[in-house]
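Let me give you the structure first, and then I'll get to my questions.
Letters A, B, C and D mark the chains as written, and numbering starts fresh at 1 in each.
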Amino acid sequence: MAGRTHADHAVPFTFGFKAAVWLDEMDRHIDRFQEMKKRLFVGNITGAVGTFANIDPEVEAYVCRKSGLKPAPASSQIIQRDRYAHFFNTLAVLAGSLEKIAVEIRHLQRTEVLEAEEYFSAGQKGSSAMPHKRNPINSENICGLARLVRSYAVAAMENIPLWHERDISHSSVERVIAPDATILVDFMLHRATNLLDRLIVYPERMAENLRKTGGLIFSQQVLLLLTQKGVSREEAYRIVQRNAMQAWERGGDFKKLLLKDKDLARYISRAELEQTFDLRHHLKHVDTIFKRVFG
Amino acid sequence: MAGRTHADHAVPFTFGFKAAVWLDEMDRHIDRFQEMKKRLFVGNITGAVGTFANIDPEVEAYVCRKSGLKPAPASSQIIQRDRYAHFFNTLAVLAGSLEKIAVEIRHLQRTEVLEAEEYFSAGQKGSSAMPHKRNPINSENICGLARLVRSYAVAAMENIPLWHERDISHSSVERVIAPDATILVDFMLHRATNLLDRLIVYPERMAENLRKTGGLIFSQQVLLLLTQKGVSREEAYRIVQRNAMQAWERGGDFKKLLLKDKDLARYISRAELEQTFDLRHHLKHVDTIFKRVFG
Amino acid sequence: MAGRTHADHAVPFTFGFKAAVWLDEMDRHIDRFQEMKKRLFVGNITGAVGTFANIDPEVEAYVCRKSGLKPAPASSQIIQRDRYAHFFNTLAVLAGSLEKIAVEIRHLQRTEVLEAEEYFSAGQKGSSAMPHKRNPINSENICGLARLVRSYAVAAMENIPLWHERDISHSSVERVIAPDATILVDFMLHRATNLLDRLIVYPERMAENLRKTGGLIFSQQVLLLLTQKGVSREEAYRIVQRNAMQAWERGGDFKKLLLKDKDLARYISRAELEQTFDLRHHLKHVDTIFKRVFG
Amino acid sequence: MAGRTHADHAVPFTFGFKAAVWLDEMDRHIDRFQEMKKRLFVGNITGAVGTFANIDPEVEAYVCRKSGLKPAPASSQIIQRDRYAHFFNTLAVLAGSLEKIAVEIRHLQRTEVLEAEEYFSAGQKGSSAMPHKRNPINSENICGLARLVRSYAVAAMENIPLWHERDISHSSVERVIAPDATILVDFMLHRATNLLDRLIVYPERMAENLRKTGGLIFSQQVLLLLTQKGVSREEAYRIVQRNAMQAWERGGDFKKLLLKDKDLARYISRAELEQTFDLRHHLKHVDTIFKRVFG
């Protein structure tokens, strides 16, 4: 399929590459939450301002042990809120990663691209008014929910600087964001998993879109080949760009235009040019990357 | 061109409609800033806590008059920060509107759509490595800047609850966000104006994209016609959707499929069907809307 | 009472001044929402992308009239989200103003200040463990809720740049923030009103706190008097500051220290000095300000 | 000194406890950044969309090794932005912790409390107009800067969902927030360190404030003693609260009031009551906590 930058075809690539980037990102999130556990799973039973004046540290140790928690080394009346702010922040970053996947699907499902689609069952209605519609509503929903989770992180960060040994301003915030942020991210994870599990992928359409630009996507290869032949980068760029722009603006076939270009012909043979339009060149390191990510 | 919802062709529409929505939105922003003037263009020279103990209100009146300001009716040592928070918030909403336009252009410029493009001059390079690229970098830049302006609004809102008659925590915030937010929005407005002024629009491509779905974009019209003929909405939906889905999945021509549908044929003649595929039906109220917006 | 800057006594002042600043701020909020009405109370019934293709503008006009709305001049499938973002932003600014009042009460209620207190009924418990406590929990609650409302504004601003003629990513956000932000601000307004209605104010304590610094709060008056007598500002500052610092650090009475200062005695008589410690000087413009605010 | 909750005296406590809570929090921040290193110190040289089509993975490995980085297992054209969003978020949480310390100092420095103060040199001016002022401007500045750093985190989180294999919308954001957020937090750390290094602490004033409530701060001890004597918690609360409220409202000495209370006298002897007003009771676990934090 087309690898895209700036929503514009760049060079060829595969859907598996995309998925590898996503999986690698999810691994980072798992690491983040694993690392955070030791800071989150703590308790304190230390009295009104944290001094154990009327309760023995043994009680704290006992209750924490029974609850699967560790005693916080030092706390005021309460567990300090940097711990939770970092948790909500990290949830928001995870939500952003899920949004990234959802945005990708929304792009791939657009009418003109249609390289992938959310599962759409036989009897389902995409739009009550327009029977032809199949909308990526789950992906759009994930994008909206990411905004909510991000906003909760803002409130969680404002909860850190409580007054003295505690004020209760954080409480109303946490009553809302603690259930909402965790439930939403749980829901988003389920929805994203389900969405990817059942994602309909159209490889033929990917190939078709790749071909749509008449080979423009191989412009980098032609440029590199020219420079390897001793052409200055500036001159090479000029040669390739003028043919690319013509193909772009008038929809012609890029390779055919290049074959007619006399300047190019001085350096590159027809056979060599054909070779630069070979998809396999771009996929030769698939395994390198897959081994890195999938192990 | 295709009107799109969920990034999917919905019903036909024109680029002018889109622009009318934008212009109407910009008019709202002008109103917002006009209304805000009376709250922003105020001054105070009232002394350490706002009492005029050592300075006569006449001095405040005189200086404000000379500066084109009005004296704030009541102030502590300083002008209250709700005035500025609301200003930065409103800048951020304006930035969001500019981002909306920029997102639209990024979509329209994608390889598969290519209905409009940022101006690209003859000698320009879109990508140093890929000579065929023409990237919507101004639009992308506007999107990034909108994030910054939004974030400044968050800081400005936190500046409101200063302690007692003033603390100085707002100062460091304002030294950064006051120049940055105003300069960025000014820059974004210039960039967006320039971008729209020189936007390259491809009407033929718009028409081509419209036709790409083999008429699917008229599905709503067929549905409505069937219901006008007395068919229940459920039944009408079924008839239209089954043909739409076939066109969608296998790429067939929607109108041809409908013409072959025996259920449909019981209610709608060939001539009637042809009429529902008429673009003019969708554009009949262009003038109504233009008159509302452009006056 | 002491007017305070940097949480430090500045110059004398009254609680009424404080309230005037608050009232003036609330008047601005009322204006903001009044001005916004015309942008918020709009409707659209324009069809799938805003063209009135299948519905007459008359229908929109009729329904809007019946609903007390005005038709939006131009809309896509939906009302554009800058309208709502600005509404949620303005709610958040209002929430920040309520937070400012709440922060003030929290400060005034602290043990060492105790110039005002939230109403505390006979049988009420302030803390289950510490029977002497009377905590400003309503004010603290308002501060927490302001964080939530601010965070909702962030999500609302991200809702502006929807794709093309609409995507549905805004919907999940609005289902949460529309009820939550409006209900919370309504609740905060009620709570703040009730809190101020029943606020216990301790004028004697205010006077007592004013006197606590042994007259330091009048240092500005002494400084000004010295300069009126022809002393350079630098020299005057030195004279006043050295006595002020002694009073501050060793707790002495500022006026007595000044009376013993030989440099000061060269310019200012005892009678003149006594006059500079007159509270009435600071309150002479109360009526000016009250007339501006309370009309 | 008084441990305070809701800005109200709770039970006795020491400044060292407060510092232990701060140090423990800073240790968590160090851990967070240490853990993050492996996700931040990565590089990629993988070509236009991440495939190594025109560059060997060995080059990436070599350059990364020379730069002290590890190759990112999978990347598109660029390093994925969840890595940076998490970094900026964590900076913002650290900024919030520094703000907490700054808020504490601002409270302790207020005129009525004055238990600690920012260093103030001999010739320094606190306020140009009020020679007696010594304002906690460094602490206030830290609070303002925390707002900025928080706001940058919001923008960083919005940078995650880039389009396809990269768009350039993140770039303008990062050009601002990368230098600003890191420089600001570096500055805040230096300022906070310097501030704490040179902080002036007034132990006598702490003791004086402790005594100000006539022993109210020991109310919890009296309550607990009563319940140990077999009095129901409700009855015990009533006895202690009625004396506490009298002391609070009329400023009497709490211990003296209790000694006159006949209900209390039935359960507690004078000697026992005296013992409950012993500060040492509250400090017996200082070492336990210090060992946990300072090791």
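In this section, a contact is a pair of C-beta atoms (placed from the backbone, for glycine too) under 8 Å apart; a residue touches a chain by one contact, two chains touch by 3 or more.
Please read all numbers here as calculations on a predicted model, not as lab measurements.
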item: Mutual neighbours - chains that touch chain A and chain B alike; value: C, D
item: Of C-D and A-D, whichever chain pair has more C-beta contact pairs; value: A-D
item: Most distant chain from chain C by Cα centroid; value: A
item: Chain A and chain D, separation of their C-alpha mean positions in angstrom; value: 33
item: Interchain centroid distance [CA atoms averaged], chain A/chain C, Å; value: 41
item: Chain C and chain D: spacing of chain centres that average the CA atoms, whole Å; value: 25
item: Where chain B touches two or more other chains at once, by residue number; value: 4-7, 10-11, 48, 106-107, 127, 129-130, 135, 137, 140, 143, 150, 154, 158, 163, 167-168, 220
item: Contact footprint of chain C on chain B as seen in their complex; value: 3-7, 10-13, 17-18, 20-21, 23-25, 28-29, 31-32, 35, 39, 47-54, 57, 71-77, 80-83, 85-86, 89-90, 92-94, 96-97, 99-100, 102-104, 107, 143, 146, 150, 153-154, 157-158, 160-168, 220-221, 224, 281-286, 288-289, 292-293
item: Residues of chain A that touch chain C when the two form their complex; value: 47-48, 106, 127, 129-130, 135, 137, 140-141, 143-145, 147-148, 150-152, 154-155, 158-159, 163, 167-173, 176-177, 180
item: Contacting residues of chain A [partner chain B, same complex]; value: 2, 4-11, 106-107, 109-113, 125, 127, 129-137, 140, 154, 158, 209, 212-213, 216-217, 219-220, 222-223, 237, 240-241, 244-245, 247-248, 254
